[in-house]
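Okay, so chain A shows up in both of these, paired with chain B first and chain C after.
Moving on to the complex of A and B:
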């Protein structure tokens, strides 16, 4: 602003430097306006609910009555001692490792195979990605049928002469977690595939040509060129996969409900049951905070790894 | 990929892909086959003639459209500011928003419940549009900011010299260049909002305000054990998302290339 306090100075009167200064100043200040909506939403709904959850986690509260007892960190100590929590932590780790690894391996395999001279490429791409756009609520319905006693999986096994393996897949405590993991793999492999396929498209072809001249075969190139160049994609998929496993709810809740017993109970389903079914809202809130801390810690550690 | 041009390698690839594709497509084939059990296409007619079905579709359509509009506008503005305007603290602000990626809506359902009860939002579209937008924004912002980061700064400098301010530069220069990534944001938001189950279950208690993802359960209760009709409903619910994806697939793939990979 000029010293006279008016905006009416004729153009060109101010020295160019001052004009730029003002314009820059405006730009700086107005730039933050673009961020008001995003922080209104993220702040109003995500930060607020995290704050509320953190506060509630310090109380013994059923979520219904107005009175609640302040118990400090008691809920967190209970979590550390809770055998169910240990069980679901193990479940979550098994689920995460299995699904992330297999989704990446299958996705990469499909992406690489589609780089061969094969026919029906676009049909394959559609088939592998359609599960991603299918609602988990629908996926759960389909697989509950496939896995049932009279379901298609058992019919297939019988037809193949493997009748002795038939069973109710979601009711067997030893297998239920793997059956549910298979559903997750079906649902999400297309996502890994698409990211790998996009990344492969961007690799400079001349690198392969140079390697060919040096006498490298397909597997050597895959091992020494393709896989290292896909490192950013590996990391993206691992990060999203870990967060996704911690958040997995619909697919599990709508197929097994976390059962039989606690065989398929994961973090998110346990949190839900503790608050909505068992009315132990304080404890459930503490679990939510633990989940958030786990997710943030793992992500930060991964970012560090990625940089090195 | 060069070095894999041998005929046998291609045949091998074709065989493995075919086997995998058969496995991946079979659950969807099963869904369609079961939907034709008993009355055949009559199952679809029965579902479509149920008076509440158009209502469920309308509800999901309104919620999804509002969520897409809000998410897109907010994402573009924020991604632009964080990627292209030299704001102090922009890395910190970006990371603060990304924390939202790690919070499942399930984990904060109690505070959401209390908040929406106080605001009297139960059985209104906003009870879903607001959380869908808030919890979707971190991911769409991540994608779009990555894309904007890749746009050369010279482009905006040139626009500024031509007399654009930051807003007109956004509208006339940046937005037209971001078609493919916008498609990714729109399709992704479409499918997460249309497919969401849990919040819809919690906040939409009135039958006339339920979403399509509630329909299978509704028909399970309504048709009892008539599996054919239940699965016909599943197919009908899936169609809008699948058709949208199929028709915009090309842009979606281009956008994934430009947005998510750096």
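Moving on to the complex of A and C:
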């Protein structure tokens, strides 16, 4: 095409622009082809299973027989009336609040301390992160021993002259949830530390230098510089923590099995028991959908907060 | 010469190919036994059945339930599957071949007489023999460490007062008297069923069937006894925070605790071969004399407790299997004298009456005597271990833990079980 807009190409010959368009069109389609595996993976493995779980939740089904009794929303109504569900919802909230904020606080504290010049800094980093990569089965076994009546925790308390505070930490229904939460905090604080430490390295040193010149002390810098600039990390940890709490299974299952009674039962252990132990697959599918809705709702609310 | 060699090689190849292809592979899945133990059976079977190859796959129990469910629903699964009596066999029985016609044809119409009814009854569902009990186990024994008892001049308790007295002496000597992993529901069920059968034999099964309320005074008496075990210091204070395996069991085997409530599946602790393995695993230097005794007389009627049990592992044939004949050949061999002799040699209780426990490997003479008493205890056992309704099991499990922790009274606990019982679709 010339400047006047007249097409000067000879008849029967594709203009250069058309060739580019065809090429771009081909490239575009090729691009879509590359996306197919991802769509197949996400659609097939994630969205289809969610759809299937939602479908199963409308049936009274043991997961085995070919016949399934359609009961509509009955499983969801049963969940609303289920006293065990109310108990585990409360357990989950307590567990989430405790573990998320304590893990964050401890992780931040360790990260801030390790930003200073400390001897054997690399060794400390490894030590603090080590629990994260410890197998939950091992962690649970060790803590069952530590928490036992004759275990190391009670021995330590006795040695410190605090024998009157010895407890059966996992066997007491009033303490068991907090004891399990402590195991979770020990297990995951290293992860919070890692994220905070990485985020701290991204903060421009000149901001602290300017604050120092203005006479700010450590706590003022922490409150007015560090904490606000770590806001994205706080939200990331809260989001991951909430989802993690809703999904927590291994530590609870292996330390207390959800007991005594239902004292430490959480969503994931309850879903497992309903499905595997009680063969109530329809009900456990409905519980899984409730879990999903809770996770999505909380995440959306958090993201809105993050934007404001 | 070269041509002859080629022909010979071709013949060898063809023979090998066809003999390999003529061999039928039978897949056997279970959570029990472990691979080493399974191999003993497989080697013995394959030696006499060269046309059948057994492939065994062992799972952890909960993984097994999940895998089996997915495979059976999608038309797959193993040819032979390990099963547990009670809930599991009840749920999976639509996928199981009825073994009655096979057994009648192979063993004759009187074949059932050869099996302990304790085992066979629990795998027969609405007249269908859904599986064969492979070996039996019964709960109801208090296992005690006689070496520790002898050092302190104690003898096995036969009444509840004696039990409390023995416990007090052990405690004074810094030995945990009795250990139970009450974190695990199954061991709590065992104890409660034993207590209920001590008060009113069989009534708990009537309650399970909905014929008697769970708030019945006999079951309440049993629940009060359960509470008493905690209040009277028999149970360790941290029982609810420990598992029966490995925590409680290992504490008992190591001599840290003197008694534990288990069944005759624990017989292996009296076997020299098995005990050496345990000693090595747990670094135990002393050779302790472990013995079983029946639950002490809890209600003062002068009679100690009775055993109750059924198939420890049952074996069934997948009705979707394309190798049913070969699977049947293996299954029938497993309950044959040859297969059951291997069971008995490991001090597991055979499911057929013609094979007795083999006491040749026990460590102490007293243990041979204990083994000799077991068939009589099994014959007079009072009922089963595995309850049929999962929601009822869950409710009872919660109730027992709640009573143990003092969260609810025995009356409140049984009322909650009764509420669930009334909603069970029987």
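Basically, the second predicted complex is superposed on the first by the 282 of 308 C-alpha atoms of A that agree within 3 Å, B and C clash if a C-alpha of one lies under 4 Å from a C-alpha of the other, contacts with A are read in each partner's own complex, and residues count from 1 in each chain.
Here is the rule we use: a contact is a pair of C-beta atoms (placed from the backbone, for glycine too) under 8 Å apart; a residue touches a chain by one contact, two chains touch by 3 or more.
Note that the structure is predicted; figures quoted are calculated from it, not measured.
In the three-chain model built by superposing on chain A, chain B clashes with chain C.
Looking at the shared chain after the overlay, A:276 reaches both chain B and chain C.
Judged by the touch definition given at the top, the superposed model places A:119 against chain B, while chain C stays out of reach. Which of chain B and chain C touches more residues of chain A: that partner is B.
Of the two partner chains placed by the overlay, only chain B lies in contact with A:199; chain C stays clear of it. When both complexes are overlaid on chain A, the residue A:63 reaches chain B and chain C alike. When both complexes are overlaid on chain A, the residue A:42 reaches chain B alone and has no touch with chain C. Of the two partner chains placed around the shared chain by superposition, chain C is the only one that A:147 touches, whereas chain B remains out of contact.
In the superposed model, A:135 lies in contact with chain B only, and not with chain C. In the overlay built on the shared chain, the residue A:169 is in contact with chain C alone; chain B does not reach it.
With chain A as the common frame, the single stretch of chain C that clashes into chain B is 57-65; none of the other options in 3-11, 39-47, 57-65 or 237-245 do. Residues 63, 145, 276 of chain A contact both chain B in one complex and chain C in the other. Within the complex, the chain C residues that touch chain A are 62, 65-66, 69, 72-73, 87, 91-92, 94-95, 176, 182-185, 236-243, 247, 390-391, 393-394, 398, 401-402, 404-405, 407.
Listing the residues of chain A that touch chain B in their complex gives 27-28, 30-32, 34-35, 37-39, 41-42, 44-46, 48-50, 52-53, 56, 63, 106, 109-110, 112-119, 123-139, 141-143, 145-146, 152, 186, 189-190, 194-195, 197-202, 205, 208-209, 211-212, 216-218, 221, 226, 232-233, 236, 243, 246-247, 249-250, 253-254, 268, 271-272, 275-276, 281, 284-285, 287-288, 291-292, 295-296, 299. Remark: chain A residues 62-65, 144-145, 147-151, 168-173, 176, 255-257, 259-263, 273, 276-280 touch chain C in the complex.
On chain B, the positions that touch chain A within their shared complex are 1-5, 9-10, 13-14, 16-17, 20-21, 24-28, 30-31, 34, 73-75, 77-78, 80-82, 85-88, 93, 96-97, 99-104, 106-112, 114-115, 130-131, 133-135, 137-138, 141, 165-166, 191, 194-195, 197-198, 213, 216, 227, 230-231, 234, 237-238, 241-242, 245-246, 249, 253, 256-257, 260-262.
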